[in-house]
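Let me give you the structure first, and then I'll get to my questions.
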Amino acid sequence: MVAPDIQKTVRAFVAQELKSGPAELDGLAEAPLPLYDRFRETGLANWWLPKENGGQGLSLSDSVDIVNELAYGDAGVAFTLFISVLGTSVVSLYGSPELQERHLAPMAARGSYCATLGSERNAGSELGRIETVATRSGNDLVLNGEKFFSTNSGFADFLVVIAASAEDPSDHLAVVVPRDTPGLTVVRRWDVIGLRASATYEVRFDDCRVPAANRLAGNGLRLLEIGLNASRILIATTGLGIARRIRDLCMEYAKTKRFRDSTLVDSPVFAAKLGQMEMQIDVMKSQCRQAARDYDEVMAGPDPATAFARQGTLKSALTAKMFCGQAGWEIATVGSEMFGGLGYTNELPIGKLLRDMRYVSIVEGGDDVLRDLVFSRYVIPIPRRS
Amino acid sequence: MVAPDIQKTVRAFVAQELKSGPAELDGLAEAPLPLYDRFRETGLANWWLPKENGGQGLSLSDSVDIVNELAYGDAGVAFTLFISVLGTSVVSLYGSPELQERHLAPMAARGSYCATLGSERNAGSELGRIETVATRSGNDLVLNGEKFFSTNSGFADFLVVIAASAEDPSDHLAVVVPRDTPGLTVVRRWDVIGLRASATYEVRFDDCRVPAANRLAGNGLRLLEIGLNASRILIATTGLGIARRIRDLCMEYAKTKRFRDSTLVDSPVFAAKLGQMEMQIDVMKSQCRQAARDYDEVMAGPDPATAFARQGTLKSALTAKMFCGQAGWEIATVGSEMFGGLGYTNELPIGKLLRDMRYVSIVEGGDDVLRDLVFSRYVIPIPRRS
Amino acid sequence: MVAPDIQKTVRAFVAQELKSGPAELDGLAEAPLPLYDRFRETGLANWWLPKENGGQGLSLSDSVDIVNELAYGDAGVAFTLFISVLGTSVVSLYGSPELQERHLAPMAARGSYCATLGSERNAGSELGRIETVATRSGNDLVLNGEKFFSTNSGFADFLVVIAASAEDPSDHLAVVVPRDTPGLTVVRRWDVIGLRASATYEVRFDDCRVPAANRLAGNGLRLLEIGLNASRILIATTGLGIARRIRDLCMEYAKTKRFRDSTLVDSPVFAAKLGQMEMQIDVMKSQCRQAARDYDEVMAGPDPATAFARQGTLKSALTAKMFCGQAGWEIATVGSEMFGGLGYTNELPIGKLLRDMRYVSIVEGGDDVLRDLVFSRYVIPIPRRS
Amino acid sequence: MVAPDIQKTVRAFVAQELKSGPAELDGLAEAPLPLYDRFRETGLANWWLPKENGGQGLSLSDSVDIVNELAYGDAGVAFTLFISVLGTSVVSLYGSPELQERHLAPMAARGSYCATLGSERNAGSELGRIETVATRSGNDLVLNGEKFFSTNSGFADFLVVIAASAEDPSDHLAVVVPRDTPGLTVVRRWDVIGLRASATYEVRFDDCRVPAANRLAGNGLRLLEIGLNASRILIATTGLGIARRIRDLCMEYAKTKRFRDSTLVDSPVFAAKLGQMEMQIDVMKSQCRQAARDYDEVMAGPDPATAFARQGTLKSALTAKMFCGQAGWEIATVGSEMFGGLGYTNELPIGKLLRDMRYVSIVEGGDDVLRDLVFSRYVIPIPRRS
């Protein structure tokens, strides 16, 4: 469990900033929202950054507790605040000390953002198809190509870009690109169906030039896979936070809604639904925490960079995201039927929560992709089965 | 099957008017939308109205085919165009000849609308709690109260209002109220999460006075139940139309989406999902048609008013709505995961179709209400079980 | 609806012969069970055989009603009594008049059985792999090979065997083989997990010789597909019958089981489950009947043999079996949890009903096979989509 | 994780004793099976008994690992070997030192059994209805009544009996009764549908007299609830073991089953199913372990007896059993469709595994009971929600 004072701080932030109703949070307002400044004032922005870089050095287990609270308030806000972990974790593990100091220390100091750019229009579930190319040019790398979806790139300090190597098409690079690098264009912001307090962009690179030292050590696709461990676990956790919010919304409604001779909260059918929901929430929490412990265990080892390079994707990170997406969707489905006709209006936030929940099963690998990955990595190879 | 020329007309309307993209249809634009005028021009508006009143006299089986096509285009448009059937069917069955002529004939001639007002804030699933009261005053009835949800009331010719009797609180009335009657106020239009081409309102009655002859014959709650037979079957049918649209959207996408060495349409996992979807669509269609045949069979009898008064809610109308809501939601769930990240944006209509589909299980009785009704009406009484 | 006197006869048979408890019916007793003699005495044995051959000539719609009643009593008995339809229907459609008279007339007269032998150990879902071979030898056909699963072959009058052509390996034959033909060996009876009143066998052919005129007209795989239309619809229907039995078992139990201040039948949670069950049963029935109507419509046409040869598998036959298997399994799952610990004992038949229900989704094409078939036949070809 | 040598011992036992095929294990053979003697020879029998009583003192976390392995071999064997924990844990916590020494030490020394008798014919989900009565008679307690289901009572050393107090009908007692006490009759062994290597009995007490000191301290219903914590977690774990067995059975089959141009293991649809299964297995394991850690944490506290008396049922014990029952059933359902027709025969153990799996959701509280319990204990009281 995260330290009580941190939990208290996060809860206070949620209570103050995220209860204002969905208008601002669901409006696709200009990004980043002003309320992120207030989060920065708590001192918790980018809470996971290493102490060496001036960060708080909180573990992924702590992150699960923090994101659980944030997502209870608003999943889009939570996503915006944690998704930088995908990029910073690979910079921490596979960037040179100089890269770390240059890029992570300011993020710790200023509470700013980074973005990671993997998928492309023709390379979604199959990243091997990436068409963005990095070409060696003297001491520089020159990037060309388009990246379809990446969150926070419109206002991030820097971007971690996955690109194919021009010299060796079978190799991929992960390259740190400061956002003000010439040749980098934010093409558009996506009009998303949920998580509308977050901002996801399409980005283009035209002869975008950075020092070759900005390349992270290792194969870019592998590094991306490693970075996704943390973010997938936290995406799973947003599902947990949204689910808890839905449960509480149901309880709040049921306590005053007249039903038969009493209120809805006394209905056995309602109780059965909430009992099932609570069971699912409890299991979601156990799985998010287990995955975070698995992650933290690797990080606590003597050489996490090598350990992660060998292991790639963590089984429990995949299963946490799959499970929380599926169980969360069941909860959102049941929840959205709980309020009668009112639940079909925007008087209640349930419609928004339903749309928010949907992302857990879609972003960073849909279930079809993840099922296949679990099968090929963890079912086929007998020695790893348990 | 509806006559081929009618089907052709409806399909042409859908192709011309409802493919323009979701902007207009999903924007909660001012109601009624101009495109309803174009539907009126086809001559099919209120296609079910009796020939005696100048209507087309199409059956509910025909209606299923028409609504299936309309909802493929847009469920909100379909809902707007058919929901008047709830009110007109009870006027046809239980209104005096004079009431029928005065109110149905203009609807047939002008393609206008009627609305039905049953549920209230405190009387959703439990209509016995209705607080709107009709008081006898000489040859008039005076209405007072508020109605929470009713579609089309903002622009309908007349409203069928269900009210408790001031004289006998255990009795309920169904009363025809022209929309321009003094004392009738449209309080607000609801900001709904889907079906946003339709318009649903909250309405208030303050000493709203109509002739006592505007009362329909019979208990108002029973009449409402009878009217819901047709509308529930057609709500189920919108689920069918939306489901077919989702299937075709998936196929369209899969035919060009590169996947492994081919396109997505060649993926066995995709095939399995679409095969399951098609199975569900086929069963939805069978059930909607069976329910419509059951309805038409009562209507073809010598005395449908008495037959319906005796029977009340049709079992297959309940089960059609329940099943299409549930199967439709499964289809929408699977469909919304089919497009990768793109499916989480408004570039594709899948987000809207998901929101539209949700209404099938919510409107005119959620599944909890209907399960209970099926149980008490059709499981408990052994003689009716089969 | 089948004629009332027939329904009455079947119900009386069920009440008398199939309520004795599961001991005999679930014991894998020697086949065929003596109770089949009592069914023959009703005059209804092989009720679907054409009047030309001395049969009753009942439609598939009638068959659905009959099998629904039989399966309510015992699904294994129902299966034994209807599965001959698979073979007789292809003999009726594609056998010479002489073959029909020689083989169908005795079945009508004596209420005996036929069996159909398609699948093999290495050719289950992929019948193209069939290794049983028919070799032309003068005016005879000589069969060699093994057939894995076929119901009733241990006591059938004749077998319809699907075999590859020795002369043209891409062609397949359907051949009528009297059971006493030398070279035909019943290898073993399968110990099945449910439907244990039925009997399914493994059969071997060693130089088994029949006149070439015993070949049915057309490609054997296509004929098998056509024959499966009737049997799949009736397999779906057994799911309906079992489901109704489960529902009634739940009601019977709930009426006496004390629960809180009353009995279980008054529990809202119980009501919700039974309401859902009843909905599913209603939809199962609609779909079985729709599929039977589709079948009967082809049969009522001027040339059903050509019509079926063109169409092959009926969409609604596939979707009926898929749907009834899935919905039936949900009902059996819910049902098996309804009786507390008693439901885990053989004091109640629920354990048997659960095992019986399982076959609907497994026999004559599992859902994976059928989903693929629905996709390739009815989703891919746009003109057939609707 | 349990110590590697223990895991190795258990695995060796499973490999040697439980792979002989289901005939013996599924045959309801005379209890206890001889193979339990071989387990005793491993020295692990009743592995959880406290070191003070000569036991191994293994934790519940260790127990999860052991039961996971045992249930992979056979769930009925696992159940027989662990279910004594329900009784011994309450004797350990709430029995006098003398009771502990007299009853637990022999169990540790001899690897024998105890049974717990809670539910009755009319007191299944509602234990408050218990009709077995304990009457004070001098220094003795006299028991009268019948107990419906209790595992191992036919051969246990002693029974823990829950009875209403004759003196105070609102109070309940938990009483230790040696099996050879006069007046105790084993009425019958139940013919169960699965777990047939275990043995569950109906037991009657006629003036069955034991010293009053055999009463455990505290309310009998509360003690039962406390004892169920350990057993429910281990029942959940059997679901995990069965699920792993089903997965491996699928993989084994798929590696040799020809499918299209390859084997089934290369089918993407198969991969998707196994990937989903593996995800569920991973989550089941996380939840069982979390629940065991919660249990062990209470036990590691300074005063576990008081802590458990205050807390009663552990939330995670309830949710583990609910979740593993539900996810396990999904796995068994998918698994049972994986083998074509062969999966409907007893050639493969899948039919038995399906029946075994069913018990997880039925025994020691069905899901309806547990949902209600989770709701009333952990959703309603806001301070405990998290």
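Observations, loosely collected:
By letter and in written order, the chains are A, B, C and D; residue numbering begins at 1 in each of them.
The definition used in the following text is that a residue touches a chain if its C-beta (ideal position, glycine included) is under 8 Å from a C-beta of that chain, and two chains touch if they have at least 3 such contacts.
Note that the structure is a prediction, hence the values are computed from the model and not measured.
Within the contact network of the assembly, the step distance from subunit B to subunit C comes to 1.
Note: the chain lying farthest from subunit D is B, by mean C-alpha position. Averaged Cα coordinates give subunit A a centre that lies 40 Å from the centre of subunit B. Computed from the mean C-alpha positions, the centre of subunit B lies at a distance of 51 Å from the centre of subunit D.
Annotation for subunit C: residues touching 2 or more other chains are 268-269, 272, 367-368.
Of all residues in subunit B, only 247-248, 251, 265, 268, 271-272, 274-280, 282-283, 286-287, 289-290, 315-316, 318-319, 322-323, 367-368, 370-376, 378-380, 385 touch subunit C in the complex they form. Partner subunit A is touched in their complex by these residues of subunit B: 119, 122, 124-126, 129, 148-149, 190-194, 258-260, 269, 329, 333, 336-337, 340-341, 343-347, 351, 354-355, 358-359, 361-363, 366-368. Within the complex formed with subunit C, the residues of subunit A that make contact are 267-269, 272.
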